[in-house]
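First chain A sits with chain B, and in the next complex the same chain sits with chain C.
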Partner chain A sequence: MVRSRYIPVALFAFSIIAVQLLTALTDRAQFLTQLTMTGYYSLVIIGLCMLIGYAGQISLGHAGFFAIGGYASAFLTTYNLAPHKEKPVISIFAKTGLLLNVQDLYGGDTLVFNPWLACIAAVAVTVLIAYVIGGPVLKLKGHYLAMATLGFGTIVYKVVLGTSFFGAADGLSDIPGFRLLPGLEVSGKTSIRIQNYYISWGMVLLGMLLLTNLINSRVGRALRSIHSAEDAANAMGINTGRYKLNIFVLSAVFAALGGVFLTHYNGGIGPSEASIMKSVRYVAIVAIGGMANLWGALSMGIILNFLSLRGYFGSYDDAVFGVILILIMLFAPEGLLRREVFRGAKKWLSGRGKAEGQKA
Partner chain B sequence: MAGALSRPGLLYHMNIELLSQYLVAGLTYGTIYAIVAIGFNIIYNATGIINFAQGEFVMLGGMIAVSLHHIMPLPAAILAAVLMAMIIGALIEIIFIRWLVSPSVLRMIIITIGISIFIREAALHIWGESVRALPYFTGTEVTVISIGDVHISPQVLWVTGTSAVMVALLTFFFSYTLLGKQMRACAANRDAARLCGISTANMVTLSFVLSAGIGALAGCVVSPITYVQYDSGTGLAIKGFTVAILGGLGNSTAAIAAGLVLGILESFSVWVLPTAFKDVVSISILLLILFVRPSGIFGSVEASRLKEF
Partner chain C sequence: MTILEVRDLNKRFGGLQAVGDVSFSVQQGSIKALIGPNGAGKTTLFNLLSGMLPPDSGTIRFINDDVQRLQPYQVAALGMSRTFQHIRLFPHMTALENIMIGRHMHSKAGFIAGMLSLPWTRKEEKTVRERSLDIMAFLGIADFADTEATSLAYGQQRILELGRALACEPKLLLLDEPAAGLNMRETAEMAKLISRIRDTGITVLLVEHDMSLVMNISDEIVVLSYGQKIADDKPLAIQKNPEVIKVYLGEEE
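Showing the complex of A and B:
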C-alpha cells in the first residue's frame, strides 16, 4: 500500500528529468523558462486543490495570497535601508548578517534584506493574514464563501494597485535573485536556466510528497469526511472548523511560496498577479483536474499554464479559461480526470470486445 | 477618523457645499448599486442562485447603447440595448442553466463566473479596452441645476428618476400582474407553484430577462457619469452583492436603502482614504457584514437561519 503511493511520485520525478533531457535533445532550452514558471504556479494549484477538492471550500482569492507572498518578498529585497543604517533595529539586523549589500542598476550600493529573511517574513505575513481572514470566512458557505474570498482577493488587488511603494500599476521590478545555498540561485539568468528548472520542479515534487502523505493520513480522512458530510463529520468528533482553517492556511502558504519564488525568478511582480482572473484561473485548473484529484490538478495545471505562458492562447487567454470553466461545469462537474472516466472507458472497451466476441 | 482630522485644511473643506456634493455623488452611485442588487435578488428569489455575471449586464447595456447611438437616436439606442441585453439574459438561462438537474451551489457559482468572464472577454474583443460613454441626456457635462448651494448635474436626476420609475414598475409588476404573482409564487415554494400549473422553468428564464433588462437600463443612464469599459461589470457586481447582503438577500425594498447607505459611505470615505481605496472600503464593509451579520442589517435573523450561508 505504502509502496503504491510513491509510484506516482517516482514517475513524476522521472518525467521531470525526462522533460529536461527532451528539451536538451531537441534544442528547445527556451521552453525551460516557461516550464520553471509553470512549476511555481503549480505550487498554488496543488495547494488550492487541497482546499477545494479535499476540504470542499472554494476560494476565489488565492491570487491574493500569491501576491502577498510575492510583494512582501519583492518589497523587502528591494527597499533600500541604507538611509536608515544608523537606526538601532537596522544595525542589529546588519550585524547578524540578515541584510545584504547589493548593487543597483546604476552601480549604487543599496542595503536590503536577505532573501531568506524576506521569504520567511512573506510566509509569516501570509500565515497571519490567512488565519485572520480564514477564521470568519470559513464559517460561511456557498455563495457567501465565494463572494467573501472574491472580496478578499479584490482588496489585495486594489491595495497593491493603489499603493505607491508597491509600485502601483507598474509593480515592483529589479528584484535580486534568491541564493538558496551557495551555487544554487533562483533567478532568471539564462546561464542557470537548467538549475532553476530543477529548483522549481524539485519544490513541486516536495509539495506533492507532502500533500499525498497528508491525504493518506488521519488528516486526509478527516478532510474527506468534511467534504462529503460536514455535520456527520462533526458528530463523529472531528473538529471541522479547525481542519478547514488549517488547510486554508496551508494552501495560502503554498500560494505565497509560489509567489515568492516566481517573483525572484522573474525579477519582478505586477498587480495583475493579484487579479481576480488569476484566482479564477487557479480554480478552473483545479476543476478541470477533477477537484479532489491532486495529480489531475497538477497535470492540467502544467498543460494549461505552459500553453498560456508560451502564448498559444493569444489574446484569448482569459476567454479560454472562462470557456473551459463553463464547459467543465456543465458537462463534467467531476472534472475530466477522474477515476470513473478511466473505469468507464475500460468497461466500454471490454464490453465492446465481448460483444464482438459473441458475434464471432 | 483621528487621522482625517489631523490633516491640514480639512475643517475648511468640510463645508456644507462639499458635503452636499459628496452626498449627491453617493446617492447616484448608491442608486446604481441598488439596481444591481435588485437584479441579484430577482434571480436569487427565482432560483436560489447568485448570478455572478450580473455586473456584466450593466456593462453590456452601456456598451451596446454607445455603439448603437452612432446609427440611431439616443432613446432608440437605449431601448434597443435593453432589449438586446434581455435577449442575452434569456439565452444565458436557456443555454447554461435551464437543463441542469438540481445543480450544486458550487457548480452554479463556477458556471456564472465562467459566463461573466466569457461576456467580459467577448466585450474586450468587440469594443477594445477604450473607455466609452453615452452623451448626457440633457445638456452637457457642464450643465448644472442649482438648488441653493447644491449643484446637480441633470444626469444625476436621470439616474435617480429612472431608477425610481424602475423600482415602482417592478413593485407594480410583482404585486398586481399575474406573471409577477406567478414569479413570487415560484420564489416562495417552487413545488407548490408547479402544482398550481406555473411553469417554473419559464419563470426562471423570465427572472434572467428582467434582471438583465434593469441592469442594462441602469448601465445606460449611468454611463455618462461613470463611463463604461469592458471590465466595469466586476466591480459593480461585488458592490451590488454587498448591497444585496446588506439589505438581506432577496429583499429588494431594503436593497434600495442599503444601496444608498453604501453609496454615501463610499463617497465620504474619500475624505479619510485615497480615492484608489474607495473600492476597498465597500468590500471591507461586505466582509464585515458577512462575518458579523450575514442576514443583513435589514434582514431577519430567523429567516436567514433557513438559508444556506
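Showing the complex of A and C:
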C-alpha cells in the first residue's frame, strides 16, 4: 500500500527530473548552477522549518550553523598538512587513507584531509556546538530565544570575519571537490554540472523523505504538542527540554550539511554566508512557506533562493527578504501556505466534486 | 494502601502563603476530593503535586518515590496524570492526536527510528492509534476522532482532556475542576464517568466546586482555606463539620 505522504515525495522526484530536462531542452543549462546551489540552501530551509514550524522554536542563528559546516569542511580540506607529515598522528591518518594529496594552483603538492573525514568532522563540530548553545538558550521563549540565537549568529559571523585562519574578509577558496563515490563528485566543474544538480536535489529529496517520516511519527506529534501547549505536553510525560534540544541539533545538522556541500560545490566560502541577513532570509522563507508546512517552505525556498541567486533582486537582495518578513508578520503571521489553506481548498474541491457527482 | 502521601507541604508567593503545612494521604482505589473557597490554594497544590511548581518545603511521596523535586514529565512517567482547570488541549491537532500524545510514554520511537520509519515504529504507531481509539470509545467520543480538538463543544473538550490523561495509563489521576463550565446533565455524566474510571482501578484526586458531584462520588474530602487544611474526612462528616460550614457560609456576627 502506498502511503499518502509518499505521493508528494514522488511528485517532487519527478519535478527534479522534469526541471533538468527542461533546462536541457530550452538550452538553459547555465541555470543548473543556481539550481544546484538552491538545493543546498533548501537543506537549511527544511531543517529550520522543522524547528520553527513544527516545534515552535525560533532561531535567528542558522546561518551560523551553515557557516560552521562550510568553514570546518573548507578549512580541513585546504589546510596543508605536508609540513607535519612526520608527526605520528598525521602519518597514521595518511596511512589509513584519510588524507588526500592535492595539487595546489602552482602545481605544488599539498596534503589535506579527505572531504569525507572533513564532512564528518564538520557535522560533529556542529552537533557539539548546537548542543552547547541549545542547552541553555532553548530554556528561553519567544523573542528572548530569538535574541539569544541572534547573538550566536553574530558571534559566528565575527569569528569567521576576524580570524586569519579562516581567511578573514576574503573567506576560504580553492576548496577541492568532494568525491562522494568514484565518478560522483561535488564540484563546480562545468563538465559535471548535470551530475551535481542531481546530487544536490537527491540530498534534498532524501532530506524531505526523512523529515516527512519524522513529522508523521511519534516524535513529530510530540514536537507539535510542544508547539501548541508546552506545559501540557510536559505533563503528558514528554521531556520537552530534550525534544526541543534534539530538533534544534537536527536542524543545525541540516544547515551544516548544506554549508559543507555548497562550499565544495562553489569551491569557497566567505563570511557573508554567516551574516545575520542570511539567517533572517531563512526565517523569512520558512515564514512565507507556511511555518508548519515542509512542502510550502521548500517551494518558497526554491523560488526565492533561485531568483536571488540569478540576481533578480539586484542590490536590494537583503531588503527583499526584510520586506517579505514584515509583510508576513503583518498579514499572515501563520504563513502564507498554511496547511489549513490546503485543507480548506481540498474540502471545497471534494465538496464540489461530490455535488457534481450527484447531479450526474 | 496509601498511594499518595503529602507531608508538611509549603508554597509561598511573595507575601502570600498559598499552601501552608498541608498534609494528607490518598488511599489506592479511592476518590478523594479537595474543596475550598476560591483562593484556598487547591490549584497551587495540584501544580505542586504534578511537578509544575517546586514546593518551598515538604515532601510528596507517590507510591515509592519522593516526587517533590521532579519535573512534570518525570512525575507523569511514574504514573500520575492530570487535567487542567482551564482546558489545555493541543490546538491544531485532532482529538485523536490529542489522545495519542497521552500514549507518548508508552511508546518508544525516537528521532532516528521516526525519520527512517522503521517497520517496528509503524507497527507501534498502529498500536498507539488503536489504543487511543479504544479510549475514545470508552469515553463515548469516538465519533470526533478526526475533529480538531479545540473546535469540539466545551463539554466534549473536558472529556477529551480526561481521555488524554487516561491514555497515560495513570495510577493516580488528578482532575482539576472536571465539571467547571458543564451544565447539570453533563456534570452528572462526568460524575458517572469518574466513578467508572475509579472502578477500572485508577485512584482519583479531584478539585471541584460542584458540591453535588463531590458529595456523591468522593470517598474522602480534604477542605482547604487560605492555604491551610481545616478538615479531612468522609463526605457526611464534612457536611456537619462546623469549621467547614463557617468557611463556606461565613461567620455569624
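Basically, the second predicted complex is superposed on the first by the 336 of 360 C-alpha atoms of A that agree within 3 Å, B and C clash if a C-alpha of one lies under 4 Å from a C-alpha of the other, contacts with A are read in each partner's own complex, and residues count from 1 in each chain.
Throughout what follows, a contact is a pair of C-beta atoms (placed from the backbone, for glycine too) under 8 Å apart; a residue touches a chain by one contact, two chains touch by 3 or more.
Computed from a predicted model, the values in this text were never measured in an experiment.
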First, second, both or neither for A:Ser15, with chain B first and chain C second: neither
First, second, both or neither for A:Ser173, with chain B first and chain C second: neither
Chain A residues touched by each partner, larger count belonging to chain B or chain C: B
Partner chain(s) touched by A:Leu211 [first = chain B, second = chain C, both, neither]: second
Which superposed partner A:Arg221 touches (first chain B, second chain C, both, neither): second
First, second, both or neither for A:Tyr316, with chain B first and chain C second: first
Which of chain B and chain C A:Ile58 touches, first, second, both or neither: first
Which of chain B and chain C A:Leu161 touches, first, second, both or neither: first
First (chain B), second (chain C), both or neither touched by A:Ser272: neither
First (chain B), second (chain C), both or neither touched by A:Leu250: second
Where chain A meets both chain C and chain B, residue numbers: none
Chain B contact footprint on chain A (complex, rising order): 58, 60, 136-137, 139-144, 146-148, 150-152, 154-155, 158-159, 161-163, 276-277, 280, 283-284, 287, 315-316, 318-319, 321-326, 329-330, 333
Chain A to chain C touching residues, read off their complex: 210-211, 213-214, 216-222, 224-225, 227-229, 231-240, 246-247, 250, 292
Residues of chain B defined as touching chain A within the complex: 49-50, 52, 96, 100, 103-107, 109-111, 113-118, 120-122, 125, 234, 238, 241, 245, 274, 276-277, 279-280, 283-284, 286-287, 290-291, 294, 308-309
Complex interface listing, chain C residues touching chain A: 50, 52, 71-73, 76-77, 81-82, 84, 88-93, 97, 100-102, 104-105, 107-111, 113-117, 121, 124-125, 128, 164-165, 168
